[in-house]
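Next come two complexes built around subunit A: one with subunit B, the other with subunit C.
For the complex of A and B:
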């Protein structure tokens, strides 16, 4: 049983951070230079009356503290206002986008975590070997390229040599049956998934390798080896089990980074998720959408970190004792 | 008078010019034997030179339009071909180095300053100040960096200055953490105790004893931050937050993407992306090597 002080400390951290994000989000978008409508209707010659009525419609004419209360009330009840661009409720744009991002990101995360663990273990086990050196070099090179560029290059290759679809999640014609639709989705997913996996795996390789190398220096590993147990048992039962623990915390912490990769990948491949929503909001200066997307993404990451903090002591009871 | 004696005795001789040069020479001897670090430094020198001498290296003005020569593949006339507007891509990539490097350095300067300040204060003072600063750092670590930068840059209005500010104001957490742990260890040294016993105030100790001792770590870390800043510049510009009239590597790629030329004109996409990759790689290699020298406890990758 995890101790109560630990839970209270993490829970209060969660609440404080969330509140901080809410306030930060509010102020950030109220200190905008210039009126968003003027930006939106550049050159359209908006009359003073039209600006006033739009301001009233979006609650921009109230004093700041009233706006803040309205904002908190609305946000908590899931009302993120209306999109400047489409006049549709922002929440209605965010929910489907969040689901599509979750599909892409969870698939990419599972693949890159498994690949990262396996490659990292092999690299640590055969430290200094050709495999280890080339794994490190590949990781460094992949880390040095912007994810969107990797996506552009893969798109080029995918179109020319494999005739893969490069935009969206589904074809609009000629697909029938559930199996056909799933196959269609899978074909659309190949390139964005590959881009994200290549962009994410390196982190996990490095952490797994580092953690395993740390475990190798522990006394119990020397004891285990002295007992004469097989290499395979040594690596999996003693090494892997201890080294994989830091990965749990990393997966949550890395979620922020993964989302950065997803934003770029979705933009390149027009995958209708949060990233594409953010990209289109940037281009249209659609601040309510940007604000809502930022809030949802950030709070998701904060909650994920909290969940990881709660799971961690269950996996490794030593944590709460520190 | 008494202050000066304290400084010369206790400050490892950092204040003496000749000693300083000797230290630098010794450092260069160590650095030179690091193969990865030297490769990084050579690539870096090449790009800095290209950026500085852009007007002499680039055959054309990067914005000059060659009418009727749209999307031409590479030739002797146009080494990297032309874009959809009929501009010379080789000249654009060379000039792009200027903006990318400037953004990288400027953003890192902001991040390094903010990170050092937060780290040194959090490490030196205990209690409430440390608690608050650590909370602030944790907050910025948890928030998805790219999304936060996007929001900041778009609120500040598209352009290079906004991008520099956005990257700098978000990217300081790594430096803060490294500086804090370094400060925590420096602060335990006897010469700090001695300085305090002889009546030095907190500010004096921070400036004259702690800062010089964390500077090498800050320097190594900043080189790594430059790598990240250049990466983020390209991403933010690609996402449409840059100034379309300013030639940067990210901007070239944005035009390639928006114009739809990516599926046909490989020469439009490969050179700017490869340049970003090489520069980031060079900064990373240099930074890791510096880190290894200044901070030997750091785990090798």
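For the complex of A and C:
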């Protein structure tokens, strides 16, 4: 099993990175130009006095280091502050958005990872064949398409020809029972899911194929073949097991980042997740929401990477050795 | 063998995921109750708390007005009509008596009375952390209940704006529910109770939807629909599709012009346009203590440059006809406050050049005019990133000015950065927009030209022109206190003339609010100058809308949506379809070409 030293090293790395992220997160939003209240109220004729009182209420008129200490104290105790827009706790905005994004993106991630691995493996095994070329070309083209455009096209096709709902997460007339609600959710999920899967699969295909081709050039593959090991065992037990390491790194990174939500997809389909939350908060310069959301995203990435670090020794015991 | 297995596995996986989704489910049971679904694509709905709404909650206003009432309401032209106050009278210039309706009830059954009004106003007075709400009662000294259905409000100063502009936005909240609340702004108000035409049923959280049911006891008479659902969309493309497919019955408030052909070509949909309450303008930084180009402080330069801007043409360039040129600082929705005698500056490049010549700004050796002090007429022309479509207008203006020897450099700037620049008076010229929020009246659009709004950095007020004119300031106070509408109109028209003569801004255009409506399913669209779906007077729409009661029509929509959506394929532009076809061709060609090349090589890993 992985030795304790390895775990401790990785854990301390996690803590240091998190602290650095907290600091950078804070600084980043203080450096942005534009007083959020002035812009927020440009259309409401808010007097200079009102802007000043709002600044005071949110502590924006304190010196920077004082704000930083308050920020650290609050974050550690789970208080992400109040949103500038709604003056309601930021946590209350982030948690439902997180759940909605998790629903969409976990499904999209699972499908695209599985599809990516299978297609990538087949493409590597049958390198140069029609399947390989067309699969690689298709996924690459889909991957490089603008997500917004792809979403709109799918929406058009889906709504007109398949009677799928246009946007949102649920209908609210004519739905009854748990099964009915789940079916309704599934119908609303089809189009954004498809948009995401088509876009995401490409990178998994390429990485899997590349890693596997790399493994095929190794001597032990020739040896195994010479020993008469069957194709299937060759591919899975020897090829896949060695090629999966870079895939784990990519999957961990993507899973972490995906919590940030797929902004374009969520915008097109009005899916009320993290991506939409961040987008609207950026437009409104709602710092507390942005800070909270970015913190959640970065911490998730850090944790996901830590989990991946813990998985490597299980997949390849050589990893913990210096 | 393995290939086959993988293929079937993937197929099964895909089918299990998509199967439940592809079974047809009737989208809407329209037979009974009658639901009117509205799509809102502008600012979202962030809160159910009427005391906490801000300008970024434009979508919340619509809902608040459906649930809560105000003493005075706005009619289809934005004029004040009785609400919870059935009549009012001035005892003197600062005292108003409001006679309340007797038959209004709160949604929980409690009767509405003067106590609730007194409580509401005193709450707004006492809580400075409710910035918007406090704005409405700024001029209120006190309020008392004369009897259970009469209140008296004492103002600090005589105020022409109080009735018409402030009251339609001040929601009356129930005393018996709110009196125990200590922290107003963070109170979630998860089950709002008001006196309005619709009762709250549920919402999906921030920015999703709100479900309301008709209040059959509404004091002005019940709505003609049973249910009102407001859905928040983030994409106008999605909303256009939704109204075509019948998923929503009304869509707004501001469709971009590019989507209009999609809507007009679909059957069963009526496109509704009205002037919106905002206008785009060209600003000169004339602040004497600013650090922008000093030549703009000379009114002769500003006047000359104003003759080199053609706002009619710009409206066409930027909005393809979906904007009306505007010649004063008053949006065209406020018909009676717009001075009809003010015409656009004569667009004449020769005249502009002559004006600059005779003012002493001669053309230099590089083709750019120079002031007698040696300052070039070379300006930044900034466009905020939130309104990047105005960049085209900026380019056209720069081109016109080039012909008269003035250099303008258009650039898109982050909105926040531009805001900072304006506060520190570092800008030269820019294109921006003024848009009304909750307060419906001319006041706001005149307020940014007062000298008190032009503060040295870093204080900052609303002013971005630096205009300072004592006559204007006096007139502003006068119109605020002129309770006689005719007199107020004279004063306001005079103020607009002053601004025009001093070329403070070049007002550009007032975009049309484009909305879409399923005229085959509903009737009763309100006429009037306001867009039917707007922030504070949408109740006029919700109360007049009536279903067209032909049962045949409703079953059609439930069984096959594709039938109603038949004309829609013209929707997504032909460019999109060409794009999809092109992509497919590219894939096929690439696959064929590459596979042919590789035919001679070993394919399996040996």
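In this section, the second predicted complex is superposed on the first by the 308 of 322 C-alpha atoms of A that agree within 3 Å, B and C clash if a C-alpha of one lies under 4 Å from a C-alpha of the other, contacts with A are read in each partner's own complex, and residues count from 1 in each chain.
Please note the rule applied: contacts are C-beta pairs under 8 Å (C-beta built on N, C-alpha and C of every residue); 3 or more make two chains touch, one makes a residue touch a chain.
Worth saying up front: this structure is predicted, and the values here are computed from it rather than measured.
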* Asked: Just from the overlay, do subunit B and subunit C fit on subunit A, or is there a clash?
  -> clash
* May I ask you to decide whether A:111 touches subunit B, subunit C, both, or neither, giving the answer as first, second, both or neither? => second
* Examine A:3 and indicate which partner it touches, taking first as subunit B and second as subunit C; both and neither are also allowed. => neither
* Asked: Of the two partner chains, subunit B (first) and subunit C (second), which one does A:159 touch, if any: first, second, both, or neither?
  -> both
* To do: In the overlay, answer first, second, both or neither for which of subunit B and subunit C A:257 touches.
  => first
* To do: Quick one: classify A:144 as touching subunit B (first), subunit C (second), both or neither.
  => first
* To do: Please indicate which partner A:206 is in contact with in the superposed arrangement: first for subunit B, second for subunit C, both, or neither.
  => first
* After lining up the shared chain so the two structures overlap, which partner does A:223 touch, if you call subunit B first and subunit C second: first, second, both or neither? -> neither
* Asked: Touch check for A:290: first (subunit B), second (subunit C), both, or neither?
  -> first
* Which superposed partner A:23 touches (first subunit B, second subunit C, both, neither) -> neither
* **Winner by number of subunit A residues touched, once subunit B and subunit C are compared** => C
* Between the stretches 38-46, 110-118 or 254-262, which region of subunit B is in steric conflict with subunit C after the superposition? -> 254-262
* Where on subunit A do the contacts from subunit B and from subunit C line up? -> 32-33, 141, 145, 149, 152-153, 155-156, 159-160, 166, 267-268, 279, 283, 285
* Using the touch rule from the top, collect the residues of subunit A that touch subunit B in their complex. => 13, 16-17, 20-21, 28-29, 31-33, 136, 139-141, 143-149, 152-153, 155-156, 159-160, 166, 206, 210, 213, 253, 255-257, 259-260, 263-264, 267-268, 278-279, 282-283, 285, 287, 290-291, 293-294, 297-298, 301-302, 305
* **Touching residues on subunit A, where the partner in the complex is subunit C** => 32-35, 38-48, 50-51, 53-54, 57, 82-83, 85-89, 92-93, 96, 107, 111, 114-115, 118, 122, 125-130, 133-134, 137-138, 141, 145, 149, 152-153, 155-156, 159-174, 182-184, 186-187, 189-190, 193, 216, 221, 225, 231-232, 235, 266-270, 272, 276-277, 279-280, 283-285
* To do: Flag every residue of subunit B that touches subunit A in the complex, lowest number first.
  => 135, 138-139, 141-148, 150-152, 154-157, 227, 231, 234-235, 238-241, 250, 253, 256-257, 262-263, 266, 269-270, 273, 276-278, 280-281, 284-285, 299, 301
* Structure fact -> Touching subunit A in the complex, subunit C uses residues 2-3, 6, 9-10, 13, 17-18, 20-29, 35, 44, 46-47, 52, 54-57, 128-129, 131-132, 134-135, 185-186, 188, 202, 204-209, 211, 227, 229, 231-235, 237-239, 241-242, 245, 247, 386, 414-417, 419-420, 423, 434-439, 444, 447, 455, 459-462, 560-562, 565, 568-569, 571-572, 576, 579-580, 583, 586-587, 590-591, 594-595, 598, 601, 603-606
